[in-house]
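These are the structures in question, set out in turn.
Heads up, the next two complexes both have chain A, just with different partners, chain B and then chain C.
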Partner chain A sequence: MPQTLFEKVWNSHKVTEIDGRTLIYIDRHLVHEVTSPQAFDGLRINKRRVRRPDLTFATMDHNVPTNNRSLPIIDQISAIQIKTLETNCKEFGIELFDLHSPYQGIVHVIGPELGITLPGTTIVCGDSHTSTHGAFGAFALGIGTSDVEHVLATQCLVMDKPKTFEIRVDGKRKHRHAITAKDIILSIIKKIGTAGGTGTVIEYRGEAISDLSMDERMTVCNMSIEAGARAGLIAPDNKTFDYLKGRKYAPKNYDDLVNSWKADLVTDNGAKFDKTFAISASDIVPQVSWGTNPAMTSDVTDAVPYPDEYAKGNKSQEDAAKKALEYMDLKPGTQITDIKIDRVFIGSCTNARLQDLVEAADVIHGRKASPNVRVMVVPGSQQVKKQAEEMGLDKIFQDANFEWRESGCSMCLGMNPDILSRGERCASTSNRNFEGRQGSGGRTHLVSPVMAAAAAIAGHFVDVREWF
Partner chain B sequence: MGKVIKYERDNIDTDVILPGTYLKLHDYDEIAKHAMEGIDPNFHARVKKGDFIVAGKNFGCGSSREHAPIALSHCGIKAVLALSFARIFYRNAVDGAFLLPIEIDEAAYKKISENDELEINTDKNEIKNLTKNETYPMKPFSDIISKIIAAGGLFKYKPD
Partner chain C sequence: MEKFSKVSSTAIPLDRANVDTDQIVPKQFLKLVQRTGFGKFLFYDWRFDQDGKQKPDFVLNDPTYSDSHILLAGENFGSGSSREHAAWALKDYGLDVIIAPSFADIFYNNCFKNGILPISLPGNLVDDLMQTKSAIEVDLESQTIRYDSRTIPFAIDEGRKKTLLEGLDDIAVTLQYEDRITSYEKSHAL
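Up next, the complex of A and B:
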């Protein structure tokens, strides 16, 4: 019977059935400082060891400051959490890319760039954006701390088989630089909603998906969780295989593996998905979120919607939109391009890879940030930072008065020193515009890196298509 | 038996259940002091042991932080009754035996009010509203979820 790519990965990782659920083998476990301490405590209390330390990799990213790395960490609670990860990795024999490692970075940026992420594998991490790794044809999903402990102890996870969801993005984007992978995924979430993918694994397909680079595919898969999906994946192709070739942890028999991946990691003709959704790439324009979840997003050419129009008769949607506009301090009918901003954040596991930074820098053209706007550019990893500096991007950003910082999650999630002040409005390349996400009372608009860079210069949102 | 704290909204995300800045904390009771702070700063002061949260669709969406169900359970929340749950929150709540994630239907969601006293019977899949003298159905837990709950969490559960 024809199978989908996901079903093939799932079937090849089945260990056994338990009470109607499946025990799935986990190939790679990524660990960071925030969701792991209680899991390691659990192992110690129960006198368990880590079953496969060789398949487990750790880094610190969430709470790390992104200023000068030679300075001590001022926040003592953060310093303890970072130290705890170091101690745990040492005690349990896990490889750690610490704050002084040339490979430190956001866990979802370093996995692929080190070749830890591989096609056809199962990958977990105590972080919802683990879906990012699906860009390589892996089944990658976020888990909580109890499950982190379970995987550390057993290298397995008990799961119900998810449903399959085909999302097709057909045709070509109308503008290769101004309309980005971020606009594709925001357009999809806007249409299917924050729970549209619940219980499913999405496979992104179609010409516009094949056309994407690996960096761009990661942006799309990264936000699968914002549609409520368990995971999102894209069938690997030559771009995938070329990307991973020669990476630090790529297997020695890489070329043999590529041959088997080419044969195995495809959705068979005639395979049936439980659900299908399609969108035309040529209809997609730059996106800007106006509300407090990623589905509350509009085309840059639109105005902030009226709650009743947005809700189309759904009372709870209307209430949600009213609350969102109140929190965001926005009036319905305001043109998106008239919204002024205070801060810009270019970074996060969604948009802090090299291509994101190259494209953001390309928008600048010798101009400077608007005097009222503070701009932070935070590379996703030390490797990205190094490559960007070799290309002179740091200089382009700094000449434009954009801050060039050290790698980490930074202002995506408000748990390190990079936060918004109450009432500040930010154009952000991150993934969540939830209330308080970037700091209590902060207001987040989700955009692509080119849209963020352009807004930084103009001081308000602009239709970046007009800038190319 | 406990009282209801009701939020008439969908998509209550884990960032408002426990804002990111408190993810640095390790002590569960310290974490609990900041539960629901993102949308309800008085929550910790008014919640009592055994209380219930009632909310709309997709409760617990967003981040995988297990700190979210930990925060709610350690300030006394026994169950969250919602129209639907985000997957990771649901798993965390059950696997760590922090609280019961109970799916209710639209009719029950509308009828239950703030401060109503409820009693939940998971054997009969029934929710009794003692204040209004009404009974609502709850969606039964799947077989394995019931077993994990009965065992007291994933690590105490042993397959047959």
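Up next, the complex of A and C:
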């Protein structure tokens, strides 16, 4: 029977059935400081070991400071969490890319960068944006701390088989630089909603997806969770295989593996998906979120919607939109391009890879940030930072008064000192615009890196298509 | 984990859709390295004002519900992060059952790991439950909810039901299959 890519990966990782559920083998486990301490504690209490430390990799990213790394960490509780990860990795024999490692970075940026992420594998991490790794044709999913402990102890996860969801993005984008992978995924979430993918694994397909670079594919897969999906993936192709070749942890028999991946990791002709959705890439324009969940997003050419018009008769959505506009301090009918901003954040596991930074820098053209706007650029990893500096991007950003910082999750979730003050409005390349996400009382608008850089210069949102 | 038994109490009507994990526990409280003590941070920004005073109009601050073990909420409850701190905070606050039209996947899974029973019911039934001020009885064994002389059934996966009723340690259960894991590893090295 013809199978989808996801079904093939699922079937090849089945270990056994337990009470009607499936025990799935996990090939790679990524660990960070926030969701792991309680899991390691559980192991100690029950006198259990880590089954496969060689398949487990750790880094600290969520609450690390992004200023000078030679200074001590001021937030004592963050410092304890970071120290705890060091102690746990040492005790259980897990490789750790610590704050002084040249490979430190956001866990979802370093996995692919180091060749830990591989096609056709199963990858978990105690972080919902683990879906990022699906860009390589892996089944990659976020898990809670109890499951982190379960994978540490057994290298397996007990799961119910998710359903399959095909999302096609057909045709070509109208503007390769102004309309980005971020605009593709925000357009999809806007249409299917934040629960549109619940219970499913999405496979992104179609010409506009094949056209994307690996950095761009990661942006799309990264936000699968914002559509509620368990995971998102894209069939690997030559771009995938070329990207991973020669990476630090890529297997020795890489070329042989590529041959088997080419043969195996495709959705068969005639395979059936449980659900299908399609959009045309040529209809997509730059996106800006206006509300407090990622589906509350508009075209940059539109105005902030009226709650009833947005909700189309759904009472709870109308209430949600009213609450969102109140929180965001926005009036319906305001043109998106009239919204002024105070802060810009270019970073996060969604948009802090090299291509994101190159594209953001390309928008600047010798101009400077608006004097009223504070701009932070936070590279996704130390490797990204190094490559960007070799290209002189740090200089371009700094000349424009954009702050150039150390790698980490930073203001995507504001667990470190990088936060919005109450009432501040931010154009952010991150993935969530929830209330208080970037700081209590802060207001987040999700955009692409080019839209964020343009807004930084103008002081308000602009249609970046007009800037190219 | 403790065995899950019958729960009977008033139910807190949190009439909001898409309640996300950043609302359930704001991220400034995620830095503890234990599983306990998160209850005081539950819905922090909705419960407390900037000076740390209770907001009287938020439903958790209504004394009617001070002994509630059941939470009622709108669709897509628990969306967002994988952080289990959300489930820890709900449990630590004293909530054992959450009833909503739908849940986000990771959150749903995290509930079972912490002795919380998440129940999906059609929206109109959740709306009805939100109207009642009397006690609601949730019986997992018989998969029923009783209130105001009504009885409504709910569905749950058999394996998950067993985990809750018996308070099973998932890891111990999986480790009973260790020989199969080992043989899988032998044939699938990567």
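Here, the second predicted complex is superposed on the first by the 468 of 468 C-alpha atoms of A that agree within 3 Å, B and C clash if a C-alpha of one lies under 4 Å from a C-alpha of the other, contacts with A are read in each partner's own complex, and residues count from 1 in each chain.
Definition applied: a contact is a pair of C-beta atoms (placed from the backbone, for glycine too) under 8 Å apart; a residue touches a chain by one contact, two chains touch by 3 or more.
Remember, it's a predicted structure, so these values are computed and weren't measured experimentally.
Student: On chain A, do chain B and chain C fit together or clash when superposed?
Tutor: clash
Student: Between chain B (first) and chain C (second), which does A:Gly171 come into contact with in this model arrangement: first, second, both, or neither?
Tutor: A:Gly171: touches no partner chain.
Student: Is A:Ala195 contacted by the first partner chain B, the second partner chain C, both or neither?
Tutor: Both partners, chain B and chain C.
Student: After the superposition on A, what does A:Asn46 contact: first (chain B), second (chain C), both or neither?
Tutor: In the superposed model, A:Asn46 contacts both chain B and chain C.
Student: Taking the superposition as given, does A:Ser78 touch the first partner, chain B, the second, chain C, both, or neither?
Tutor: So A:Ser78 meets both chain B and chain C here.
Student: Touch check for A:Gly144: first (chain B), second (chain C), both, or neither?
Tutor: The answer is both, since A:Gly144 touches chain B and chain C.
Student: Quick one: is A:Pro417 in contact with chain B, with chain C, with both, or with neither? Answer first, second, both or neither.
Tutor: Neither partner.
Student: Applying the document's definition of touch, where does A:Gly20 land relative to chain B and chain C: first, second, both, or neither?
Tutor: both
Student: Looking at the overlay, does A:Gly436 come into contact with chain B only (first), chain C only (second), both, or neither?
Tutor: Both: A:Gly436 reaches chain B and chain C.
Student: Comparing chain C with chain B, which touches more residues belonging to chain A?
Tutor: More residues of chain A are touched by C.
Student: Taking the stated contact definition, name every residue in chain A that is touched by chain B in one complex and by chain C in the other, in rising order.
Tutor: Correct list for chain A: 18-21, 34-35, 37-38, 46, 63, 75, 77-78, 80-81, 84, 126-128, 142-147, 149-150, 158, 160, 194-195, 198-199, 225, 228, 230, 293, 316-317, 319-320, 323, 413-415, 432, 434-437, 440.
Student: Taking the touch rule as given, give the residues of chain C at its contact with chain A in the complex, in rising order.
Tutor: 15-18, 20, 22-23, 26-28, 30-35, 45, 50, 74-76, 79-84, 87, 102, 104-106, 109-110, 113-114, 157-159, 162, 169-171, 173-175, 177-178, 180-181, 184-185, 188, 190
Student: Help me check something: in the complex, which residues belonging to chain A touch chain C?
Tutor: Its residues touching chain C are 12-13, 15-16, 18-21, 23, 25, 27, 34-35, 37-38, 41, 46, 48, 51, 63, 75, 77-78, 80-81, 84, 118, 121, 126-128, 130, 142-147, 149-150, 153-156, 158, 160, 194-195, 198-199, 225, 228, 230, 251, 293, 316-317, 319-320, 323, 413-415, 422, 432, 434-437, 440.
Student: Could you pull out which chain A residues touch chain B in their complex?
Tutor: Residue list for chain A touching chain B: 18-21, 34-35, 37-38, 42, 46, 62-63, 75, 77-78, 80-81, 84, 126-128, 142-147, 149-150, 158, 160, 194-195, 198-199, 225, 228, 230, 293, 316-317, 319-320, 323, 413-415, 419, 432, 434-437, 439-440.
Student: Across the complex, what residues on chain B touch chain A?
Tutor: Going by the criterion above, the answer is residues 8-11, 13, 15-16, 19-26, 38-39, 56-58, 61-66, 84, 86-88, 91-92, 95-96, 142-144, 147, 153-155, 159-160.
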